[in-house]
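What follows is a set of structures to go through.
Each of the next two complexes has chain A plus one other chain: chain B in the first, chain C in the second.
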Partner chain A sequence: MAGHSTYVPASGFERWLDSRLPIMRLMHDTMTTFPTPRNLNIWYTFGGILTFCLAVQIVTGIVLAMHYVPSADLAFNSVEGRIMREVNYGWLIRYIHANGASMFFFAVYIHMFRGLYYGSYKAPREVLWLLGVLIYVLMMATAFFGYVLPWGQMSFWGATVITSLFSALDQVIPHLGSAITTWLWGDFAVGDATLNRFFSLHYLLPFVIAGVVGLHIWALHVPGNNNPLGIDVKGPQDTLPFHPYYTVKDAFYLSLFIMLFAAFVFFAPDFFGNPDNAIQANPLVTPPDIVPEWYLLPFYAMLRSIPQKLIGVLVLVGALLTLAFIPWLDTSKVRSCRFRPLMKQCFWLLVADCVMLGYVGSQSADAALSLGGMQLPLVWLARLGTAYYYGFFWLIMPIVGLIETPKALPESIAKAVLGAKAKA
Partner chain B sequence: MKIALPLAAVVLGISLCAAASAEDTSAPLPIKHMQWSFDGPFGTYDQASLQRGFQIYKEVCSACHSLNLVAFHDLAAPGGPGFTEAQAKAIAAGYKIPAEPNEQGEIFDAKGNRLTRPGILADHFPPPFPNEQAARLAFGGALPPDLSLIVKARAGGPNYVYSILTGFAQRPPKGFKVLDGKFYNPYFPGRNISMPPPLMDGTVTFSDGTPNNVAQEAHDVVTFLSWASEPNLDQRHRMGLEVMAFLVLLSGLLFLSYRKIWKDEH
Partner chain C sequence: MATATKPEPTRRDFLYLATGAVGAVGAAFAAWPFIDQMNPTSAVLALASIEVDISSIQLGQQVVFKWRGHPLFVRRRTPKEIAEARAVPVSELIDPVARNANLPDSAPATDANREFKPEWLVLVGVCTHLGCTPTVSTPQSPQGDYGGWLCHCHGSQYDTAGRVRKGPAPQNLAVPPYSFTSDTKIKVG
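Moving on, here comes the complex of A and B:
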């Protein structure tokens, strides 16, 4: 699909530039004439939305870094005292940045589930998917580092809990895990040294993400977009030029997304926050419940569902690594779940499973549900949920692809969209 | 999550209580839910209430609690209690601030007392104790928390702080042990709180003639503390409505463009 370039330099300068650095040609071919399937729906607008989110986080983050002080003594006041009260519109920039993280993850989860539903990870888009998994992992690391910076109680204790996961390696080689943890902290506890390196990494990683996003878009433009039908583009009748068709569609849905974003920023800025983070970090006082941000809760539930620490950590890491194997675990020849009746049900069960795991992760570790007088410890729900998560990818994906009879695929995208109007 | 978590906690709490003994008297009661002028997207702080709340902070709370993040100039800032700059200057001048070294390099006078100067607009409210240890010594080991962010730092926000301030009137249930030097407050975790009841009927006298019962005093001081936690709420709400209006218009135009461009391609 990344076919012949149709760029024609419009001026002498552009001709001059084109023979030295064909950047205008690149922009023209990737953002203007790029042939895009004509049937992309609302769920395909989240790629553009995510690029917007990354840009917003980088711009607001750079401004925040101008006023933030990465020091255990001063960090909390530099955020709550200076940025929130003294910097012009500092409160606005911080609320955009803090809620922006949640909006970023909200969008990335939709983007990932969309890819899963329409089989966008299958040949020839495996590398595209793998780069996406890498971006997701980098996002989680960046968000974790960022959450530590305001140096509230939940920042401090979240950092302590997550970095302490490495100490599980003590069970493999004595002292190995503790040594790694001390090395990560730069001290014998989470403190000034930890905060400074987290700040450094939090500033670095978004630019790494931006680089991988560049590769992700490059890998997208080689095979071209998948689409809700999951069938290949067969000719020009199946596609539309990216501009103006998808620029205007993306812009419209982006505008709706910004409305949701703004609703949180202006009317419920602390919705995703934890009250404990409005208390300065205190190594001597542990909060009653240490809860990560909502977007990490399903993995937190998996971790806590295993009583043995090392195995719990392995289950957590494995849950992420699993994502990288998806292109080779799915045995079906059909991409889109629209034509896969059984897989479609398993998919929605996975979505429900992740939501349930998130709920369990938000509750205290010994909580229980009361069902008609019976006490159901939530940890068992977490175990059930973890089993289904792994089962979905490692058993259901390979097996369903073999036993399922898919529905008949349409002849072409154009036929499916335009019906009789289609030329071929 | 701010709404979902307490809700889930209440549901779980009820189910756990029902299953276990019904006599768990150390678990806190569900907090009271009040109406606040700053609730909802159109909410703004009630300026008169902020001024009364400031009076209560100054005359009552500030004896034990610091307000480290709030500066005197904030009292005259838009969206705040609405004092004039002259009034805020006068308020600041009423506070003694530890002085900077004088020309002899001294910060103590001949008798060894800390030199002070009157506060100015740029100063923050001075804490009642020089350090944490001094505060703990005065309160039998307990530390009165700084109030700058107290409303944000508690689940339930203003409703929680209001419940605590008005919760002292309730008597402990039979068999409940109030620890030595503590006070019974059913909204506090464990129900034993170190803070003595700070507000009584008539604790302060409002110059505008507002009734000075505990409920009114608590309402006003919680309004003031909410402002201290979130001084930009008025501006945020107003800007939010403008942004929303713009986005509705923009989305409408983009939708029309979208429909027009795609007219023949569906």
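Moving on, here comes the complex of A and C:
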């Protein structure tokens, strides 16, 4: 895509095809000879891992849809009875799909924090970052729809709470929010109609994600990869062809990732699950503690930290929208945090902050932390964490970029990797 | 740049704009059925009204029915609970309006505006924050500080008239449209 093509058709057939549909040329230029910075580390293998995760979810999902029944009366039994007990290897395929969602989010969070740390969102990669944010939001929507399908207690009440977020609009225009929730449900409560449409959308969205992933890779291949030094590629001495150097690196770390994935599937398949979801949905009884899946917990903590409904919902939505502004909030000309001593500390504080918010989100709404006889309500930790999350992006990013003195950047990737003797 | 003289609109310009306008209106009309199909079907609307027998409910007890897919609380309040609800001035409430479908929207949230008969409280059992079912408070198992309900999801509390006393819930529990068809039966919806 960037630069000119080095593809040489090797046979008469390839020559014939190349002048009609240059698909082999496209594959060759993007996956074989594509010039890739020679210093990419382990954290850059997660793009490939994420592509693998998407493929696993689509393949297992299509199989599960062959046996699943999207009906309020039958859904729970079609999962817990038919798929888990009767379908050949149904248990395996379901556990791969359920744990696959967690592995997918685990990988995407590493991918996102890597992009933040090395400044991969900065010019000329803003569109690449925006497409990534869009994929992340689509992933959350898909995961939410999927979590409703087994029709357990947590499915049902999770669906109720999340769709009810829209009812906050009642505080802006009376009855607007309620009209939207009724429209989303197709009923006066979450029910059969809701389950059917969520199933339809859960099947659709992964293909939308696949389409946006195509754009994401396209937008990556125009400027090329960022790298841990955050400096531009100056010439061929700074790069390696994607194949075999990065195909083997990606494959190596992918195989480690699959081992971790398999460990959960075979030895702790319910590790990420909630026991309440083993009880069939009951619209009259809310479980004592409603907890979303772990990958949504930080946002859930932010929602709960605000005692006012509309503002709480706005804080939740704003936390996601903030991600889209990052390319324009960071004022520093240096990309990589390796050369930004102050930003590096703020970054790790943000990582710790997100973990802490996740912990608070997993605890009940009125929980408190005992510190030497003093009771610290967790809601205050959540408020502190929410303040730092917003503060990091809207204050620290613009201000630190202006006041910080970055360390000296290396002359080139080749010099940094191969030593001073390399030609710059 | 040469001085631009505005060319006379041609027949093609007119047809272009007119076709575009008709197309836009047509697209909007075509979209509506695809939007409206998401709303409740006629079968769902047909089941929107129920009649419940309340004769077996004891003093101080709450019984939960199902109405429009939601829990419906029918609570027979004790004189103490009624007195507590009546002692609260409306100015102290988070939500000062009655939220009673049988009264005008502006009716204040006095205890009397929350029911037809003081002993019988009929409420939609849906927390006005994010839709969980609040847990009823009884002398044996108190929930929250106001003797009414506590929502475990996000910690909202309601008093013995079902009025919100502690956020994040913004509104009092809704009173559904209902009427007594006899001393022991109510029709909801």
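The rule is simple: the second predicted complex is superposed on the first by the 421 of 424 C-alpha atoms of A that agree within 3 Å, B and C clash if a C-alpha of one lies under 4 Å from a C-alpha of the other, contacts with A are read in each partner's own complex, and residues count from 1 in each chain.
Just so we're on the same page, contacts are C-beta pairs under 8 Å (C-beta built on N, C-alpha and C of every residue); 3 or more make two chains touch, one makes a residue touch a chain.
Keep in mind that this is a model prediction, so the values were computed, not measured.
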{"item": "Partner chain(s) touched by A:W91 [first = chain B, second = chain C, both, neither]", "value": "first"}
{"item": "Contacts of A:I62 with chain B and chain C, given as first, second, both or neither", "value": "neither"}
{"item": "Chain B versus chain C as contact partner of A:L395, first or second or both or neither", "value": "neither"}
{"item": "Touching partner for A:V417 - first (chain B), second (chain C), both, neither", "value": "first"}
{"item": "Which superposed partner A:D366 touches (first chain B, second chain C, both, neither)", "value": "second"}
{"item": "First, second, both or neither for A:I279, with chain B first and chain C second", "value": "first"}
{"item": "Those residues of chain A which chain B touches in one complex and chain C touches in the other", "value": "288"}
{"item": "Residue numbers on chain A that touch chain C, as the complex places them", "value": "157, 160-165, 167, 170-171, 182-191, 193, 197, 283-286, 288-290, 303-304, 306-310, 312, 364-366"}
{"item": "Residues of chain C that touch chain A when the two form their complex", "value": "35, 38-41, 44, 48, 64, 66, 68-71, 125-126, 128-133, 151-155, 167-170"}
{"item": "Interfacial residue positions of chain A with respect to chain B in the complex", "value": "38, 77, 80-81, 84-85, 91-92, 95, 240, 244-245, 248-249, 251-252, 255-256, 258-259, 262-263, 265-273, 275-276, 278-279, 288, 294, 359, 362-363, 367-370, 373, 375, 417-418"}
{"item": "Footprint of chain A on chain B - complex, ascending", "value": "1-5, 8, 12, 15-16, 18-19, 41, 68-69, 71, 74, 145, 148-149, 152-155, 157, 189, 229, 231-232, 236-237, 239-241, 243-244, 247-248, 250-251, 254-255, 257-258, 261-262, 265-266"}
